[in-house]
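Letters A, B, C and D mark the chains in the order given here, with residues in each chain numbered from 1 onward.
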Amino acid sequence: MRYSGFRVIKEALLGQKGWRPLWRDPEPQPRYDYVIVGGGGHGLATAYYLAKTFQKSRIAVLEKGWLGSGNIGRNTTIIRSNYLLPGNEPFYEFSMKLWENLEQETNFNSMVSQRGIINLIHTDAQRDAYRRRGNAMLFAGADAQLLSPNELREMVPFLNYDNARFPIKGGLLQRRAGTARHDGVAWGYARGADMRGVDIIQNCEVTGMRIEGGKVLGVETSRGYIAAGKVGVAVAGSSSRVMSMAGMRLPIESHVLQAFVSEGLKPVIPGVITFGAGHFYVSQSDKGGLVFGGDIDGYNSYAQRGNLPVVEDVLEGGMALMPMIGRARLLRSWGGVMDMSMDGSPIIDRTSVDGLYFNGGWCYGGFKATPASGFAFAHLLATDRPHETATAYRLDRFARGYLIDEKGVGAQPNLH
Amino acid sequence: MTDLMAITALGAVAPYEFQIGGLVIRENTELALASLSLGRGQGAPTILGTSMPDVGQWQAGPEVSAFWTAPNQWFIEGQGRAHEDFAAIVKAAAPDCAVTEQTDGWVAFDVYSNDGFKPLEGLLEKLVNIDLDGFEVGTALRTGLHHMSVYLIRRSDTHVTIMGMRTFAAALCHALESTAVRLR
Amino acid sequence: MLIPHPLLGLRDAQEFTYLGDASLLNRPDASSPDAAVAFYDYVYLRDNPAGVHRELWFHEQGDRSWLIVTRNTLTHEILNAELAFKSAVKSEVLA
Amino acid sequence: MTRLTGGVIDHETALRFTFNGKTYSGRKGDTLASALLANGVQLVGRSFKYHRPRGVLSAGSEEPNALVTLRGGAREEPNTRATVTELFDGLVARSQNHVGPLHRDVMAVNDLLSPLFASGFYYKTFMWPRAFWEKLYEPLIRHAAGLGRLSGEADPDAYDKGFLHCDLLVIGGGAAGLAAALAAGRAGVKVILADEDFQFGGRLLAETHQLDGMPATSWVTAVMAELSGLENVRLMPRTTVFGAYDHGIYGAVERVSDHVSAADGEVRQTLWRITAKRSVLAAGATERHIPFPNNDRPGIMLAGAMRAYANRWAASPTRHPSDPVIIFTNNDDGHRTATDLLAKGVPVTAVVDPRDDAPTFGAYELITGVVDDTKGRLGLTSVRVTQNGQSRWMPCGALGVSGGWNPNVHLSSHHRSKPVWDEALLAFVPGKDLPNGMIVAGAAVGQGTTAKALRSGMEAAVSSLAALGISAERIDLPDADDTAAAQTAFWHVSRKGRAWVDFQNDVTVKDIVLAHQENMRPVEHLKRWTTLGMATDQGKTSNISALAVMAELTGKSLPETGTTIFRPPYTGVTLSVLGGGDTGKHFRPTRYTPTHQWSASQGATFVEVGAWLRAQYFVQPGETHWRQSVDREVLAVRRGVGLCDVTTLGKIDVQGPDAAEFLNRIYCNMMGTLAVGRVRYGLMLREDGHAYDDGTCARLSENHFVVTTTTANAALVYRNMEFARQCLWPDLNVSLISTTDAWAQIAVAGPNSRTLLSRVVDGFDLSNEVFPFMACAELTVCGGLRARLFRISFSGELAYEIAVPARYGNALMERLAQVGADLGATPYGTEALGVMRIEKGHAAGSELNGQTTAQMLSLGRMVSEKKDSIGAVMSRREGLAQDKRRLVGFRPVDKSEAIVAGSHLFTQGETRNTTTDQGWITSAAYSPHVGSSIAIGFLEEGDARMGEVVIAANPLEGREVRVEVVSPHFVDPEGGRLRD
């Protein structure tokens, strides 16, 4: 069924009787050519592109809970391609271009909203670093703009310019960046994949992998054994747990990242703003809530909840940066489990097990990568060759020393 | 004796003093400090008649006092000896130990209450996350305060010393004063 | 969180700085023939368990002791904390 | 005016307040909601989506409808629940989310178009044409959305933060909480009793049943008197415990002065972090309503709330005293409202109860049936009652609805413990794996009657203390006369028309039906698809009803359909208070250098460097541009002598017999072989083989070294060295301690530096023979002041760094400037420092950025092969070893052009993209020595490209410069000067 404004009007007049389920709830088949483990954004996007772009069939997505219940369902919805390093920037720019056509691609309004992102500059050294980054973005075909203090004041007059501990000296702007409705992204891909015959199987947890002679044959699940030609794992947050079923240890730690939303307010913040001298970034959702976050709690955790010090740290930053939000109220906080990799960058690669493919290590940047990650993973699964924008995301880069360390903090996941 | 003039951690000539409600906050510029660490297998020395206190404790003494800072490490205090080469004095008393001059590494604010511990409790519960029930006289500990690192010493029922890194003096002073003011 | 410091008792986790898996105590021998592989494993690979985890915390705003804390990463329950120094010395002796 | 008699308000003290510009009078003890009701005001707001007229629904923090904007100007406070706003004299409130006056909101047109706005509609449209989303559709949606408005001004109020520790934290001061606090208080342990209300007592203040034959309120008064007399009990009214965190830590906000008209300077709210050994959650219960067509009109209220307004606040829910009141309930508790209101003289005409066996408790008509429609757009006028198929319209000024009570399990599920369904109670109660040390008591665990609440509260306290090894006496509890309220599972009235489930977000039963039809059936999908439970009340009054409807549709049981867990905060928390008191300039502490006063007196401009404030340059009379000052300072150093405070560099004291061996393992280069009285440059790697810090290491004596670190990494290096000492090599006999703050360190740089220093040292031989380049010594200066002298140079000139006890730093700097006046002694700041280090090609933060290697810095030879050290092994990995980028210098071909840091390097004539990128400029400056702009940066095979002209491209600012690759040593490449 095709969605459109006319359809909405028609159904309104007909008492909404004609709407069909967004996706089926199929019983698992005994065998699939492609089994994607993980019904989050990346897994669903992978299945979608496998079916649509790479014309593959007999595809299943196995989700242990409800689809979209992973980090796609709990993030701060930011999309951007403002990376520095050559291993990253072309990939995220590819993702941005996919975002820009996502609604037309999936016929589902995921509310991709390019209202821009501003990274604030507080020191001369930071300006040099952002100049290097902005130029890297331009050379990769992305957009970037260095804002003078005056240009910045015009765009976001409500920042604390005059009484700041760390003066605001400008910003790096990416106009094409912005936000998207996180659940809508998962639902759009899920609906699109389902329409193309992909079996999305919810409440189906993978409990083991059947591997013989160095080749994966299928997966054991809470709903029985499912044979597979190829298995693609995209379970950010649980990567170590799932890959250990194949006897692998990963350059990944799981950490909790908290995020926050305020009560609904009339529009005050145009795009996304990130503080360069504290842990705080913020945007405002279409419903009016200020959506903001900061640093990870910093200790290994699978608990999906954080602690008070980070809440205070984030709001200290928020109040220092924009004291005009002070009288709004925090409505809700939540915590997601992040795959923090050893260099802060993701992995999309084959593994030592034939037929087993891995996609993970997204740290807290997974949402913006969803379309490209799905596309690149589908490309790898379908062709056994990495997508041209994802060639650096190899699993062996750590052993061989080809790291993609945007922050330059080394092999300590909680610092990335 | 040098003819150079020393200034306080706050950049002033005279020590800082502030009084509000039942509290007096006074900068102690005359406190000499030296850290003392034991090498492998060494026993804790006695410095000018003062024995090294146990974990988390402060020990007053005839000439110098001492408080525990880390396993096998103490800070030795010499009230009124800030202008002497205090580290040399301590080193002479414990030649086998690693001694390091700390006098100017820190700023010390003495906080006095004129009415028992309550006013101090009211101030401290706004500043540091420690269980004040366990913060008895003779306790010394290190903790965080407004993104700074401080030593707290409970010298008497009505006297607490808050020590912060010297270059943070102004920020620490602001934290103490503004919090005291907010107590009303 | 509260960390049960073996010397100082329960102290707020904000006084501490987290490092990671306690396996970082076991630095490989650089002179061994497989040093490259051993160091790769030491620096980069983690068990990352969903459950009991031995990890290193530094009492930076306290007595500057490095602690080995045994903590459940699913519940955050802390089962034990000891001085890394003591345990390191022990492992030396045993080794 | 519909004020009744009695209650626990002070009828004698009138408080004036305004709502939407109209002035009213309330009483001390009123909430804004009770005062409005007592003034006959029912219409207080508009709903989120359809802009439906709304009135007060509840009497507590679960309120979804009565949200107002409080106060004005910079103190404007949007989305404030009138039901928990303590009335004060001069209170000003406005309704929200309407265009035009409240009673004539033009946005109400949305209500007529509601069929278009069915749940999830926006996912299905607004997609064409693409460009219209940001330009048209989204702006429209954004402006329609949102509730209240921020003033746009900075919050002027003061906030505070604090830390409390206790044995037992009692959350909620109702029957259960008071019994718990009393039992624990008498046992002498440290107790904190917190309640979000401004009066302790909870439902006891709202009910009429008696304790020991007396009004419950007098028992409350007696208990409060005793508790406030106990030293070990801290009473915290107006304090919301909003979150349960790990290991018994709770977040709480105390509203210190929200109940008075703003007093400047006074703390508005305080954030308390409470560490409790044990806790009792006695948060009570929240009544649920029963969805039926048009159940959202002003005047329709929860029956328990209606009772509370009558009993506690002496306020009738109707606009006129004579308006009839009707109750619609599926349980006995609803009937209590009828009898209580009748007792207050409020005309209750009927109680509508679907139960065939419904009892009667008073002189009202009992109708066995349902309410299935209502009239009265701006205020209820009549309701349609249907009894065995027969419908009739009954006049009605206010309708009380009761669908049973939901225990307030919120905090018990903050650690993701799933509540479990209790079929007898028809409600979810706390499950297992509660936050450590928490016991739930009273109505929050379904022990709803006063007698049960009192007992479970006391027992909770007793067993909490028992767990701490303290045996507490059980206390005598008063006899309560209330009995358990029977109820039946009746979830909603299914009739044609819209029946609201979530009032604020306008989610109706129809929306849930549609979600089911579209397979959005898992409860999380339901919520996200319909926005149910996402409003400011977080579904407190809607989640369970919605689950029940979905259960009915799927034919599953309610627990099978799912439950919802709650996340912090329990209710909205002001962002300001979470941000703490210190903001603005005090957001983070500032570190001042020992010579700050002197620098200020010399006209210094200061710059933030991490936590530090450092002198950036010193503007002299006549200088109009910072470059003039910096050039002058640089030349002064190169020609005469300059003075710079370098105290910010980290200093770590390393002592012990194994200090030398320890440092060998910390630095990638040899350090153990350093002679006493000498200094050596050292480079530190991370274990992953990348360079991360550099500095000098001085050997003061056989077993005593002083390590200096970069300003940025002082804490990190110290931490890593402690890690190495305690965790990696505990066998080494070495001790470490930081001395960064203890010593004021001043760089004395330039050809005249030796002469200048000779004027302050106490007979110390500074000759090259005795004190050569890279020498160090302990000595005295200025008549006996102990000092440390290092002959090191960052500028490339003959230079020293002299350290004295910090308190003398300012005076020494002053002295040096004074006695060096004839030598051209000139203070210089971080800018000149930066220029000179670039002129010498020294790496700093921009080069040592954590992504570079010793090789890239052309320091590869430093990584000793003779020994193991941190990072040595990993630095030999293929990817690092074969990295061909090298740090080199650059000069513009056209001397008049300026190179800027952050430009990327490209081979001439090459197309420019990510793959052809050859490197980047790390640092650039104008060199008065060279007489042009100079730069250093990393270039592919840079060391082999000397003399080549490459492009430094900076499209970001539309600039590009042709630059020549040169040695990074622009000044004295042979290094003769610093050795003279």
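Following the convention adopted for this analysis, contacts are C-beta pairs under 8 Å (C-beta built on N, C-alpha and C of every residue); 3 or more make two chains touch, one makes a residue touch a chain.
Small disclaimer: the values here were computed from a predicted structure and weren't measured.
By number of C-beta pairs in contact, A-D leads when B-C and A-D are compared. Work out the mean CA point of chain A and of chain B, and you get 49 Å between them. With centres set at the average Cα position, the gap from chain B to chain C is 31 Å.
In whole angstrom, the spacing between the mean C-alpha positions of chain A and chain D is 22. In this assembly, the C-alpha centroid of chain C lies 28 Å from the C-alpha centroid of chain D.
Along chain D, residues 161, 245-246, 249, 273, 275, 415, 586, 588, 590, 687-688, 874, 877 each make contact with two or more other chains. Residues of chain A in contact with at least two other chains: 303, 307, 399, 411.
Multi-chain contact residues of chain B, defined as those touching 2 or more other chains: 129, 131.
The touch graph of the protein chains shown belongs to none of the named shapes. Contacts from chain B toward chain C in the complex involve residues 55-56, 68-71, 129, 131, 134, 141-144, 149.
Across the complex, chain C meets chain B through its residues 7-12, 14-15, 60-65, 83, 85. Contact residues on chain C toward chain A in their complex (touch as defined above): 1, 13-14, 18-21, 37, 40, 43-50, 53, 55, 71, 73-76. By the touch rule above, chain C contacts chain D in their complex via residues 1-2, 12, 17, 19, 24-25, 27-28, 30-31, 35-36, 39-40, 42-43, 56, 58, 60, 64-66, 75-78, 83-85, 88-89, 92. Interface residues of chain A facing chain D in the complex, by the touch rule stated above, are 3-5, 7-9, 11-13, 15-16, 19-25, 65-66, 68-69, 73, 86, 89-90, 101, 103-104, 107-115, 122-123, 125, 127-136, 138-141, 144-146, 158, 160, 163-167, 181, 183-184, 187-188, 202, 262-268, 278, 284, 286-288, 303-305, 307-308, 311-312, 315-320, 323-334, 397, 399-403, 405, 407-411.
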